[in-house]
Amino acid sequence: MSLFPTLLSVVTPYPPLVPSVGQAVLHLFCHVPPGPGHVRSGPGPGPAASAAGFDAEVVRHAVKSAQTDGYQVIAAALLGHKADLGLMVLGPDLWRLRAFQTDVQASGAVPVASYVSLTEISEYAAGVPEEMRQARLFPQLPPEGKSAFCFYPMSKRRSAEDNWYSLDFESRKELMMGHGKVGRTFHGRILQVITGSTGLDDFEWGVTLFGVHPDDLKDCVYEMRFDEASARYAEFGPFYTGMVGDLDVVLTALGQGAPGGSA
Amino acid sequence: MSLFPTLLSVVTPYPPLVPSVGQAVLHLFCHVPPGPGHVRSGPGPGPAASAAGFDAEVVRHAVKSAQTDGYQVIAAALLGHKADLGLMVLGPDLWRLRAFQTDVQASGAVPVASYVSLTEISEYAAGVPEEMRQARLFPQLPPEGKSAFCFYPMSKRRSAEDNWYSLDFESRKELMMGHGKVGRTFHGRILQVITGSTGLDDFEWGVTLFGVHPDDLKDCVYEMRFDEASARYAEFGPFYTGMVGDLDVVLTALGQGAPGGSA
Amino acid sequence: MSLFPTLLSVVTPYPPLVPSVGQAVLHLFCHVPPGPGHVRSGPGPGPAASAAGFDAEVVRHAVKSAQTDGYQVIAAALLGHKADLGLMVLGPDLWRLRAFQTDVQASGAVPVASYVSLTEISEYAAGVPEEMRQARLFPQLPPEGKSAFCFYPMSKRRSAEDNWYSLDFESRKELMMGHGKVGRTFHGRILQVITGSTGLDDFEWGVTLFGVHPDDLKDCVYEMRFDEASARYAEFGPFYTGMVGDLDVVLTALGQGAPGGSA
Amino acid sequence: MSLFPTLLSVVTPYPPLVPSVGQAVLHLFCHVPPGPGHVRSGPGPGPAASAAGFDAEVVRHAVKSAQTDGYQVIAAALLGHKADLGLMVLGPDLWRLRAFQTDVQASGAVPVASYVSLTEISEYAAGVPEEMRQARLFPQLPPEGKSAFCFYPMSKRRSAEDNWYSLDFESRKELMMGHGKVGRTFHGRILQVITGSTGLDDFEWGVTLFGVHPDDLKDCVYEMRFDEASARYAEFGPFYTGMVGDLDVVLTALGQGAPGGSA
Amino acid sequence: MSLFPTLLSVVTPYPPLVPSVGQAVLHLFCHVPPGPGHVRSGPGPGPAASAAGFDAEVVRHAVKSAQTDGYQVIAAALLGHKADLGLMVLGPDLWRLRAFQTDVQASGAVPVASYVSLTEISEYAAGVPEEMRQARLFPQLPPEGKSAFCFYPMSKRRSAEDNWYSLDFESRKELMMGHGKVGRTFHGRILQVITGSTGLDDFEWGVTLFGVHPDDLKDCVYEMRFDEASARYAEFGPFYTGMVGDLDVVLTALGQGAPGGSA
């Protein structure tokens, strides 16, 4: 259990909390203060550096520890003011996800957005072949050669005129199949991971896209927006965009120097 | 009265403020700064640790004190950026709930979300047997073996087309009974505590769910969303998700070390 | 003029700014940092105490000074993360209300929500007896024995289907009288103070309720929600809930010790 | 150019940026930390004073400098948590408005809300007499004897049923003339300054009202709300309310002592 | 790669991430703390200066470095509380844009708003001449003599009555051509740069306008609002307004003194 294994075993041998199907997923989007590895314009530490409070080594430790416990961790450098560092962690035990979050926060990174969800087989895909079922419940991430990253949450609309939840199953299934058909035209350019969050977070699904090019993300989401399932029934939350990479590459892009404390 | 009993008795013997039926409930969702019990990457205190301002012992004191006065306190470690520590306290006197909140804030934990509500017998359940009535007005929490936790507030919609408050009592009762029927299919997997907050907080009800598995929470809320009472008439606020546990387990998961100041 | 009378008289004898009818009302909802009067777990000041910056004596001075000038001040300890200390001040001069706010801010309390409004005789109550008229324009607060407190702002809806401001006067008056009838069934349990804020703050009215029991607040607002004036035409802002008390009782409940600096 | 004239002339003689018609207007609403001129309860500086970082003299300098350059500056003490100090500055050059803002921020005042707009002759008033035209493009502010102040931004609605921008010019003109007729009944009690901000700020117009009494503001906005142009077509932003006065009076009301550094 | 070239080359030779067509665009809107170059009212550093943490030289370095790598950087001084410094950077590689952002943040400037988008040829302009195509995919910015700046994001509406994404291509194309016709009447007064962000940021397009006069911005956006494509189908985000200039002019306007550390 990461940074505090002995403490926990002393206090209480609590049982893990795991979904009965699939895996738990935590997206953490963090602000990272400017780091000491950054070159400054004058002699001595600049004004921002002295206020900095981020220890990249603690994040490296947190990620390695989770990976050692069998959890997948995807790292991304994000663009824009919303967040600097994106971390997506997947695995069975919610307590272990929280331990990962606690470890990350101990680095001085500040989670400013997040998403809690579970991998799932949607009710419209109940009969998919076992291989596809495994790929959805236990995705292997990140995909090779697709470093363009975005995440957004979404829900189905419940307005008086366009109420997804008042449609019968067959109508919804048909709409979702048309939706999937558009998505499949992006095969090879986009990997889409949809995780369920009804009852767990503010929207009903989290969508994580991995693309070859950044315009693959744009073209895919744009084209799907004309599909009736999106055009009439989708409500979108905020979008987080960036580049997936090895943790060291991501941290370096955030100005956090080389690994091993040499910064 | 917790940490300042003598002061209060000196100043003024104010009377308690209690609901005429049922109990008062306060949900507090707090940010907790990284604590001193966390292992750091280098010698000496890391950058975040020096800025930390949380004293776990003060929270332990606050909880014990409230329990000594006969109040129930449920603790949860939460996932994501919204909050770290969830505390739900139930009991008769609003002043005592505030004293609990004051004690918690004195620890350095910062309430960043909350909910104020009262246990109640809904008007649609006016005739339930006495045992069920007691279970609703005086729930015994947390339930055994259900450590998956979520909380969300909700209101009934008042749009021109779907206005819950323009329906007559019989229509509303019928909708609520259909709603309850779906809920009962999750018996044993989910315990649902609905508390009333019209006039007290921003939504009309607070919903606290305790589940065996995290996907029980998801499946239950997802399935109910198709029920007409939700599909057409429900408006949901933010969702807070985490794991219920003994306070020491929860604090340890938040990196706040072992009890007794040994961290 | 409170804490800086001589300065003002030296600088400029500005004229007061008063409504031509009734009184000005300022609701201030403040965060109060944990105070030095709170018992800590270890020797010496705890981590939060050292960062505290609240001087309860300054608030006491501000309140006494306003009362000396003939202004009413109601104090409430609030529940939840939105605010700790609620202060409602009523009187003629807007400059004096601002002086009160300046004095309160000088204590280290931080206003995080507020409401600016005026007492008024609504156009639907133009012909009420003089006694009732005086009670509305110059309410005597807080009422005896009603320490359950809530405040919320509200506006009338202006949607295409339900547009209050497109109704004629007679229709509006009839709706308001039905509304008032429901309210009167809570006579003795609830005192309702409605102040006007169109053009002054974000909503059109501020509603301050004083109840015997906290469930009186809930039952009253819940029951009125079925009334057509609310069901179809009301939009509600955030709700602030707490307990009215003597300032010393309120400050003590917020962990700010006994008066006179003895904490 | 205010506090840095020599620097600018050395670096680059950039050209001013002025509207081809009328004047540029910047509303700045600032938080002001408690100042050193405030009387404290004990010996030595109180807890808040030591954290204060506001130099009233810098604001006085900023205002005088802008006035010397021919810009009008209106100062108001505001009520409530939204902001303490309101400054409205009018003049030709956007760079000069920014220099004013930079000067104000150098005082330690923190702009927390603002509005960017231009004076204009609306398309419905194209043919007004020259004197009225000058009064709208170059208003002389503040008006004598009207110290009740409020500001709010607004837009015209574009819903499916009530879409202002789908109406033809004649219909819009008729609605605006009805609107103006209501406004004129407040002549002498209210001065209304409407500035255009489509493409410049989040709403389409900024409305600044100066009233004799605070209830003049309330009565005027309330009455206009029944007018069809408002009832069906107006969307309002937040309202900022306060008292206009000489800068020294305003700063004193904010606890910032007497001018000349004598506080 | 700007401030950390050697580090990156040591760690990992990661491949660039570029759109398959056009360029990546990052708008950064930053708060800049009051700088040391500002004249203060008294001897020694004033209260705000001591808390300042901005090093203008670091921003100059960041901009020069990006320009050296072939990226365009447009700088603007912004008006109002939303942000002080606007930076718009265009170029091929998302990692390089992030390096620019990291460099900017190292100066102490704090990004408080931003936009992530790509240059594009809209589907309605598929057949434009090659010269126009190049101008849209690789715009040369800023345009000469147009220093009035504004940025806003927008999406097309998806309501039940006015759903852009349910229209067929021909209807949309016709609406867009009418829209373009209005825009062309502002030729010479306005340069409009529309970049695509569906799937990348919260709205579907980013609109950057450069105008000769500030009222050109206002008149253009106001006139287009009557066009059906805007009137019925546009949803607008926040507007950021300011003045484009050489970086040194912009920094000086923000009180950050002369270049070369001579302030």
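Note that the chains are named A, B, C, D and E in the order they appear, and that numbering of residues resets to 1 at the start of each chain.
Keep this in mind: a contact is a pair of C-beta atoms (placed from the backbone, for glycine too) under 8 Å apart; a residue touches a chain by one contact, two chains touch by 3 or more.
Computed from a predicted model, the values in this text were never measured in an experiment.
Where chain D touches chain E, the two copies mostly use different residue numbers: shared numbers make up under half of all numbers in play. Think of chain C turning onto chain D: fitted on CA atoms, that turn is 70 degrees, to the nearest 5. Separating the centre of chain A from that of chain D, both taken as means of CA atoms, is a distance of 43 Å. A straight line joining the Cα centres of chain A and chain E is 27 Å long. Multi-chain contact residues of chain D (touching two or more other chains): 160.
Chain contacts in this assembly form a single closed ring in which each chain touches exactly two others. The cyclic arrangement of chains, taken from chain A and going next to chain E, is A, E, D, C, B. Partner chain B is touched in their complex by these residues of chain A: 3-4, 7-8, 10-12, 14-15, 17-22, 24, 26, 28-29, 52-55, 57-58, 61, 94-95, 97-99, 101-103, 105-108, 111-116, 118, 120, 158, 160, 163, 165-166, 196-202, 204, 261. Remark: chain A residues 34, 37-42, 46-49, 51, 77-82, 84, 147-148, 150, 152, 159-162, 209, 213-222, 225-226, 228, 230-232, 234, 238-239, 241-243, 245-246, 248-249, 252-255, 257-259, 263 touch chain E in the complex.
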